[in-house]
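All chains are identified by letter, namely A, B, C, D and E, in their written order; residue positions are counted from 1 within each chain.
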Amino acid sequence: MSLLAFEPITSPTIEYGTLSPMLLVFGAAIAGVLVEAFTPRYLRKSLQMPITLLSLIGAFALTVWQGTQGVREAAAMGAVAVDGPSLFIWGAILLLAIVSVLLVNDDDHFVAQASAVPGSAEEDQALSQGGAHTEIYPLVLFAVGGMMLFPASNDLLIMFVALEVMSLPLYLLCGLARRRRLLSQEAAMKYFLLGAFSSAFFLYGTALLYGFAGSVDLGAIEQMIGTHLGQDNLLYIGIAMLGVGLLFKIGAAPFQAWKPDVYQGSPTPITALMASGTLIAAFGALLRVFWVALGNLDEMWQPVFWAVAILTMVIGAILAITQTDIKRMLAYSSIAHTGFLLVAVVATGSLKQNAAALGGILFYLVAYGFATVGAFAVVTMVRDAGGEAGHLSRWAGLGKRSPALAGIFALFLLAFAGIPLTSGFFGKYAVFAPAVAGGATGLVIVGVVTSAMAAFFYVRVIVLMFFSDPAPEGPTIAVPSMGTAAVVALSAAATVVLGVFPQPVLDLAHSAAQSLFVR
Amino acid sequence: MPWLSILMGVPVVGALAVAAVPKGNAKLAKQLTLAVSLVVLALTLAMASQFDPSGARQQFSEVHQWIPSFGVHYAVAVDGIALVLIALAVVLVPIVVLASWHDAERSDAKRSVKTYFALILVLEAMMIGVFAATDVFLFYVFFEAMLIPMYFMIGSYGGAQRSYAAVKFLLYSLFGGLLMLVAVIALYHVAAKGTFLQPELIGAVTDPATQKWLFLGFFIAFAVKAPLWPFHTWLPDAAAQAPAGAAVLLVGVLDKVGTYGMLRFCLELFPDAAKFFTPVIIALSVIGIVYGAVVAIGQTDMKRLIAYTSISHFGFITMGVFALTADAGSGATLYMVNHGFSTGALFLLAGFLINRRGSQYIADYGGVQKVAPVLAGTFLVAGLSSLSLPGLSTFVSEFLVLIGTFERYVVPGVIALAGMVLAAVYILWMYQRMMGGPTAESVRGMPDLNLREKIVIAPLIALLIGFGFFPKPLLDVINPAVKHTLTSVQAPQFTPAIPAAADQKGPGE
Amino acid sequence: MTLLLANPANPADPVGPTLADFGKDPLWISIIKALFIFVFLMMGVLFGVWTERKLISRMQHRYGPNRAGKFGLLQSVADGIKMGLKEDILPRTVDKVIYILAPIIIAVPAFLSFSVIPFGPMVSMFGVRTPLQLTDLPVAVLVVLAMASIGVYGIVLAGWGSRSPYAVLGGLRSTAQVISYEIAMGLSFVAVFIFAGTLSTSEIVAAQAEGRSFALLGLDIPLPSWYAVLLIPSFLIYVITMLGETNRVPFDLPEGEGELVGGFHTEYSSSLKFAMFMLAEYVNVFTVSALSITLFLGGWRAPWPISLWDGANVGWWPMLWFFIKLVLLFAFFIWVRASLPRIRYDQLMAFGWKVLIPLNLAWILLVASFRALQVPQGQRNLAMVIAAVVVVGCLAIYFWFDTVNQRRREARAEEVQAEFEQLSTEPTAGGFPVPALDLPHYHGVNGRKEVPSGTN
Amino acid sequence: MTTHYLVLSALLFAIGGVGVLVRRNAIVVFMCVELMLNACNLAFVTFARQHGNLEGQVIAFFVMIVAAAEVVVGLAIIVTIFRTRRSASVDDANLLKY
Amino acid sequence: MELYVPIVVLAVLAAGFAVFSVGIAPFTGPKRWNRAKLDAYECGIEPTPQPVGGGRFPLKYMITAMLFIVFDIEIIFLYPWAVAFDDLGVFGLVEMVLFIVTVLVAYAYVWRRRGLDWD
C-alpha cells in the first residue's frame, strides 16, 4: 500500500494542438451552458445557434487541417489516438452533426418545458409562451464531443468515459420531443436503462481485460495477448463483455432491441443525429478495440461476428417488413445496415486487406450517414395534426401531393436499397468487395439476400408514395425552414454525387485507412 | 468521335428537357420526346453506317477511368451483337413513343404525362449503355439502374394490378442482380487483374470450380432477366399490367439484356463452366419453349398470352446461345432482334385493341376483321411472324437456331419443333377467336387504325417482312461477332484469348 | 527550498511518528488504546454534558445543575441512569428493524473517527515503543469524512424508520444540511493537504511542527507553523462547517422545537436509544474539534510559549496539550450556543451553497497558485498569471453580485416608496376608512419582485 | 487472496444483472445498474492490487464520476416519467405500441 | 492491512456497547401499555398514516443530493491532486483550474436556474 503511495509521479503532458477539434467542441458546449446561465431567455437561441454551428464548422476545419498536416500520433500520453481513421471519422461526424444541428434548429421539435407534465396547465402555458429548451444545443455539442472521443480513444478507460459522454446527453435529448411526449419519455427511459446496462458490461469487460493485461491501454493489451501469459479465462470473458457493450451501441442483434423504440420515440432531429453520428462513432470504437487490442485473436472472435452479422442482417431485414411506422422502419433498416457493415469487420487478414476493409467501412458509414439524415429530415417535413405523420398509411400518395419531396425520399430509399447510381450501391460494394477478398463470401451472399429482402420494404414505401392514391385529409407537407431545406438538399446531393463519382471520397477513406490504427 | 457517349447523352439531356416542360403542356413534352428519339435513331444509323463488320471486333470503343480504386472504367464499345441490339432499341423507342401518345392520359389514375415520356428517354439511354458497356461493373450498374425507370413506368402507368406487378418485377430482377453482384465482386477478386474491363477478364478465371460458381452467379441474374423457365413468373404479370409501350420495351429490349449477357459474359468469361452447364440450360430452355407455348394456349388475356409466347421464344434464344454452334449463335442473336419487332408489333396492336374496347380479355372480342380490317390484317402479320412463318424475319432466326441445335442436340431440337407447332395453335386460335367469326356486339363500330397508329405499325411490319426476305445485312454484322465469341468459348482454358484481348486494348481505332 | 519540498515528516524532531511507525503494535496494545479512546469518549460525553449545562447557565447568570454530586458533577450520570430506567417505547407505526438499527448506525462511526486522531508522539507503553494514536493511514482524513457520512445514514434512517411526518422531514432536513456542509468541510481541507502533502494525520501534525519560509522574489518570508494561521480562511470555513456538521447551534435545525419538535429523533422519545443520539452528537463534537486541532492547530504539539521548553513535545505531556485544546474548542461550541440564535433553514442552505463553497474553491486556487510559485522547475510566470486571474475573477464576481444586489435593494426601496406616496394621495383606501389591503407590509403586493433569500 | 474480492465483485455484478432483468420498477433497475458499476470498481481495485500498479484505483475514480453522472441523468428521466404517469395524460394510446 | 486492525478493534468495542445498550433497553424499563403512547407523535392529533417508505417528499432534496454528489466527486479529485501537488507542479495547477472552472460553470447554471434556493 504505502510502497504504492510513494511512487514518484512525473507530471504528464497533453498535446492540446492535436486534440484541438474535440477541445473546441467541448469548449463551445461549456460556453453554451454559460449562455444558458447568464443570458435572458429571448437572446439564448440567437446566441446558441451560432456558437454551436461555428464551433462545429471550426472543429471540422481543424480536423481537415490536421489531416493535411498528416497528423498521426497518440496524444495525451497515448490515451487518444489521432490517426487516419480517427480524423476521417471526426470529419464525418462533424459534417453530419452540422447537418443534424440544422434540423435541431428547426422549431417545434422540442418540448417547451421538459418538467411540465404532459397535458397539464403549465405545459399549455409554456407552449403559449413559445418557450423552448435551448439547453438542447449544449447537450448536442457534448454528445458530438463524446462521439469524437469514442472512436479516437486508445485505451479502454477513455473509451468508457467517452461512451458515457456521448450517451448521457442523448438519453436526455431522447425525452424532449414536443409531440407524443409519453412515447418520447419512454424512449428516453428505455434507452437510458438499456444503455447503462450495456455500458456496465463494457466496464466489467474492461476490468477483466485490465486484470489480464495489467493495463487498459489497447496496445499493451495487444502485446500481452501476443505474449499470452495465463489468465485466459479472464481474457475471454472480458472480450465477450466488451463485445456486448460495443455491439449494443452499434445496435447489432441480439442487442438491437432498443433501436426501434428509441428511434421512434425521440425527436426526429435527434434520431437523425443518433442514426448517423452514434453509429459512426460506435463503429470506429468497435474496430479499434477488435482490430487493435484483439487483433492477434481474430480467429477467436471472428466466428462470433459471423453469427452476429448474419443475425443482425436477417433480423433487421425481416422485422422491418412488418413495420407500419416510418421511423421504426428506418430504425430496423439501420439495424440491417449495421449488419452489412459488420460483414466487412470480419474480413481481416493482411495489412493491405485490413486497410481495404477499413476504407470500405468508412465510405459506407459516410454514405449511409448522409442518406439517413436526409431521410429523417424528410420525415420531419411530413406533418400531421399530431406532429409528424409517423404511420405509413399516412404517406400514401405522397408522390401526388408533393412529387419533389416524395422523389427525394424515394432517392434515399433507393440508396438504402443499394441501387446503382446512388451512394448506397458503392457503399455496399465497398464493404462486400473486401469481405469477399477476406474470404467471407458466405457472409456476402447472406448480405445480398438480406439486402434483397430489405429492398422489398423500401420499395413498398415507394409503392405507397407513388402508386397508391392519396389518403383523404392526408398529412400536410410543412413548408421547410431554411435549415431543413438545406439538409434535404445537401443529403440528396451527397447521395447522388457519392453514387456517381465516389472516387474522391473513396480516395480519402482509403488514404485514411492506409495507416490503419496507431497503436 | 465518341458515338456511344453521344447516343447515351442525347436521350438523358432530352429527358431533362422533357421533365422541365411546364406541367400543363403535355403535347410539347410528347413532341419533344419523339424528336429526341428520332434524333437518337438518326445518330445510331449514322454510327451503324460507319461500323465495319470485317473490322476489329469492338468498335467505337471509349475507355475512361471511372473509379480507379475499384478498377472500374467507363468503357463502351460495340461489336455486331451489341450494335444490332442497340439498333433494335432505338428503333423501337420512337415507335413506342408514338404508339403510347395517349396512354399516359388514358391510364386510370391521372399521372403527369411528361414524367412518362422522360422515363422512356432515360430508359433508352440506359438500354444503349447496357448493350455498349464493355466493363463488367459498368454493365452491372446499367443492368440494375434500368430497373428503376421501368419500375416506375409499370407502377404508375400500368393496369389494375400495376403496383403488385411492378414490385414483383423489381424484386425478381433485384434479387438476380444482387447475386450477380456477388459474382462480379468475386470475379474481380479471383481474376486479380485490378480491372473490370471485360476483354481483359476473358480467360482470367481458370479454376473450374470457381468458374462454375461465378457462372451461376451471372447466369441466374440473366435467366431471371430473360425469363427462362423457371424464373419467368414475373414476366406475365409485368407485361400484362404494363402499358403497351412499356410492355414493348420490357419484352422487346430489356429482356434481351439477359440473353445478351449470357452470350457476352457467361460464355466469354466462363467458357468451361458454360460447356459444363450447357445440357442443363438446354433442358431448361426446351422446357421453357414447350411450357410457354402450352400455357399461352390456355390464356384468356391477350397480353398475358403474348407474354407467354415470348417466354417460349426466349427458350429458343437461350437454346441457340448455349448450343455453342455458329449458326445457333447468330440465329439466337438475330432472334433477339426479330422477336423484338414481332412481339413489339403484337403488344402495340393489343394495346390499340384494348384502347378501343377497354378490355384485354380475348373473350370480349370477335369478328374484328369485319369492322377493322387493317387492324386485323396487321395483327395477323404480327402473329404469323410470332409463329415464325417462312418469309417473315423470325423464321430465319428460328431456322438458324434449330439448324445449329440439331448439329449437337437432336432431341431438344425435335422437342423445340413441337414448340413451333404449338405456336401455330395459340396464335391462330387467338386470331380466330378475336378477329374471325361473327362480329360481337361490343366491337361493333370499333374504329379502324387511325393515321398515327398506321405510322406506328407500318415500320414494324416492313421490318418483319424485309428482314424475312433479306436478313443478310444483319447477319453480316452479327456473324463475325458470334464466331469470335464462340472461338473464345472453344479456346482451351489454359491459353486465355490473348489475341482477342490484345487487339481490343486502347480506345477505339 | 528543497527541504521545504521534501517528505513533510520532519527530520528535526525524532518523536514525531510517521506512517512508517504504525501497524507495528501487538494486538494487546491496540486493545488498550482502543479501550482508552472508548473510555475517554464516554467520560467526555458525561462531563461534556455537564460542562455545557454548567457553562451555559453561568453565561446566563444561572447556577445550572448543582444537586447531584459536588457542583452537580454527577448530573449527567443521573440522567444516563434515568434514561436506562425509563420505559422503552416502540411506536406501532414504525419500521421496527430500521428504527432499532438507526441509533446503532449513528453511534458506532462516531467513535471510529477517533481512531486516527493523534494524541501524542511516540511513547513507550509497557516497554513497547508506540505512537499515542490508535492507528494512522495514508488516507486517515478520508476515514474521518467517511465515518461522518455513515453517520448521516443513521440520521436519515432514524427519520425514515419512524414513519412520522416530523421525523421524516427532520431526517431529510438534517441530512441535506449535513451533506451540504460536508462539501464545504471537505474543500476546506484541500489547502491543508496542498501544504502537508499527505492525508495521514500524524504527518500533518508533523508538518505543522515548525514554520517554513516562503521565498518570493528572493527574500524569505517566514510562515507560521499552524495552518490555522497560515490558511486562516480554510480554518474559519472549517469552524463554521464543523458547527453545521454536528447540528449544533446556530445550525441545530433538525430539532428546531418550533417547527419539527425533535426532528429525526422525535419518535425516540426516551430511553437508551435516545441516549445513543445524544452520545453520537457529543462524540461528533469531540471528533470535529479533535480534527480541527490535528489539521489546523498543530495537533498535540505545545503552543508557542510552552514549546520553548524542550520536554514539551516529548513523552506523555503532549496529551495534556491536546486535551486542553480540546476543552477550549468545546468551550467555544458552548459559547457559540449561548450567544447565537438559530438561523432559518433556507438561509442555512444558501449560506452553505452560495457562500462557503465558491469562497472555498477560489481560496484553493489561490493557495495552489501561490504554492506553485515555489515549484522550482515549474514556470512561475504561468502560476502568477493564474493567481492574478483568480484574484481578479473573484473580485469581479464579488462586485458584480454586490452591484446586482445593490440594484435590487434600491428597486425594492423605490417600489415601497412609490406605494407609500400612492397611498398618501388617497388616505381612505377606496373611500372606506380601512387600512388599504396593499399596504407594503402585506405580502403578495402584485408586481413586486421577490428576492430569493440568501442573496444577502 | 485477492480472488475472494474478484468472486465477490462477480457476484455483485451478477446480482445487479439479474436485478436489471427481473425487476420491473425503474428505480430498482437503475439501482441494480449502479450496483454493477460498483462491482466493476471492486474488480478494478482488486486487479490494481494484484498487478501492483495504481491504474485500477484511478480508473475507479473515473467510474465513480460516470456513475454519478448516470445517477443525475437517470433520476431526472425516471422522475419525469413518474410525474407524467401520476397525471392524467392525453395520449395514453401511444403507450400501447410498447 | 494491519493498519486497519486497530480500527476493527475499536469498531467491535463501540458496536458491542451500542448493541448492548439498545438491546437491554426494553428489559430495564417498566412496561405500561397505553394506546396513545404508541402512536406517532403529532402534537396530540390523530397521526396521519405514512405510506411505506415515507411516501413522496419534495424533489428539492433530490436536487440537493445530486449537487452533493457532483461536488463530492470534485473533492475526490481535489485530494489526490493536493497531495501530489508538488510533483505535478504547474501542469497539475492548470488542469485543476480547467476542472474547477468547468464545475463552476455547471454550478453557475444551477444557481441561475434557482437550483440552490429553498423556496
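To be clear about the criterion, a residue touches a chain if its C-beta (ideal position, glycine included) is under 8 Å from a C-beta of that chain, and two chains touch if they have at least 3 such contacts.
Labels paired with UniProt names: A = NADH-quinone oxidoreductase subunit N; B = NADH-quinone oxidoreductase subunit M; C = NADH-quinone oxidoreductase subunit H; D = NADH-quinone oxidoreductase subunit K; E = NADH-quinone oxidoreductase subunit A.
Just so it is clear, the structure is predicted and the values come from calculations on it, not from any experiment.
Asker: Remove chain B from consideration and name each group of chains that's still held together by touch.
Answerer: one piece
Asker: Trace the shortest chain of touching neighbours from chain B to chain E and give its length in steps.
Answerer: Each step joins two touching chains, and the minimum needed here is 2.
Asker: Name whichever of D-E and A-E has more C-beta pairs touching across its two chains.
Answerer: By number of C-beta pairs in contact, A-E is the larger.
Asker: Of the chains shown, whose Cα centre falls closest to the middle of all protein Cα atoms?
Answerer: A
Asker: With centres defined by CA atoms only, which chain is the most remote from chain B?
Answerer: Ranked by distance of C-alpha centres from chain B, the top chain is C.
Asker: Measuring centre to centre with CA averages, how many angstrom lie between chain C and chain D?
Answerer: 33
Asker: Determine the centre-to-centre distance between chain C and chain E, using the mean Cα coordinates as centres, and give it in whole Å.
Answerer: A distance of 14 Å separates the two centres.
Asker: Between chain B and chain C, what is the separation of their C-alpha centroids in Å?
Answerer: Between these chains, centre-to-centre, one finds 94 Å.
Asker: In angstrom, rounded to a whole number, how far apart do the mean CA points of chain A and chain D lie?
Answerer: It comes to 24 Å between the two C-alpha centres.
Asker: Send over the residues of chain A in touch with two or more other chains.
Answerer: Only 1 qualify.
Asker: Of all residues in chain C, which touch chain E in the complex?
Answerer: For chain C paired with chain E, touching residues are 5, 22-23, 25, 27, 30-31, 33-35, 37-38, 84-95, 100, 103-104, 107-108, 110-112, 114-115, 134-137, 142-143, 159-160, 162-169, 172, 175-176, 179-180, 182-183, 186-187, 189-191, 193-194, 197-199, 261, 266-267, 269, 271-273, 275-276, 345-346, 349-350, 353-354, 357-358, 361, 364-365, 368-369, 371-372, 375, 377-379, 382-383, 386, 390, 452-454.
Asker: Could you list, by residue number, the parts of chain D that touch chain E in their complex?
Answerer: 61, 64-65, 68, 71-72, 75, 79
Asker: Any idea which chain A residues touch chain B in the complex?
Answerer: 403, 414, 417-421, 425-426, 428-429, 432-433, 436-437, 441, 444-445, 448-449, 451-452, 455-456, 459-460, 463, 466-469, 502-503, 506-507, 510
Asker: Please output the residues of chain A touching chain E within their complex, sorted ascending.
Answerer: Checking each residue of chain A against chain E gives 1, 8-14, 30, 33-34, 36-38.
Asker: Quick check on the complex: what are the chain E residues that touch chain C?
Answerer: Residues 2-7, 9-11, 13-15, 17-19, 21-22, 24-26, 28-32, 37-43, 47-50, 52-55, 57, 61, 64-65, 67-68, 71-72, 75, 78-79, 82-83, 85-86, 89-90, 93-94, 96-97, 100, 104, 107, 111, 114, 116-119.
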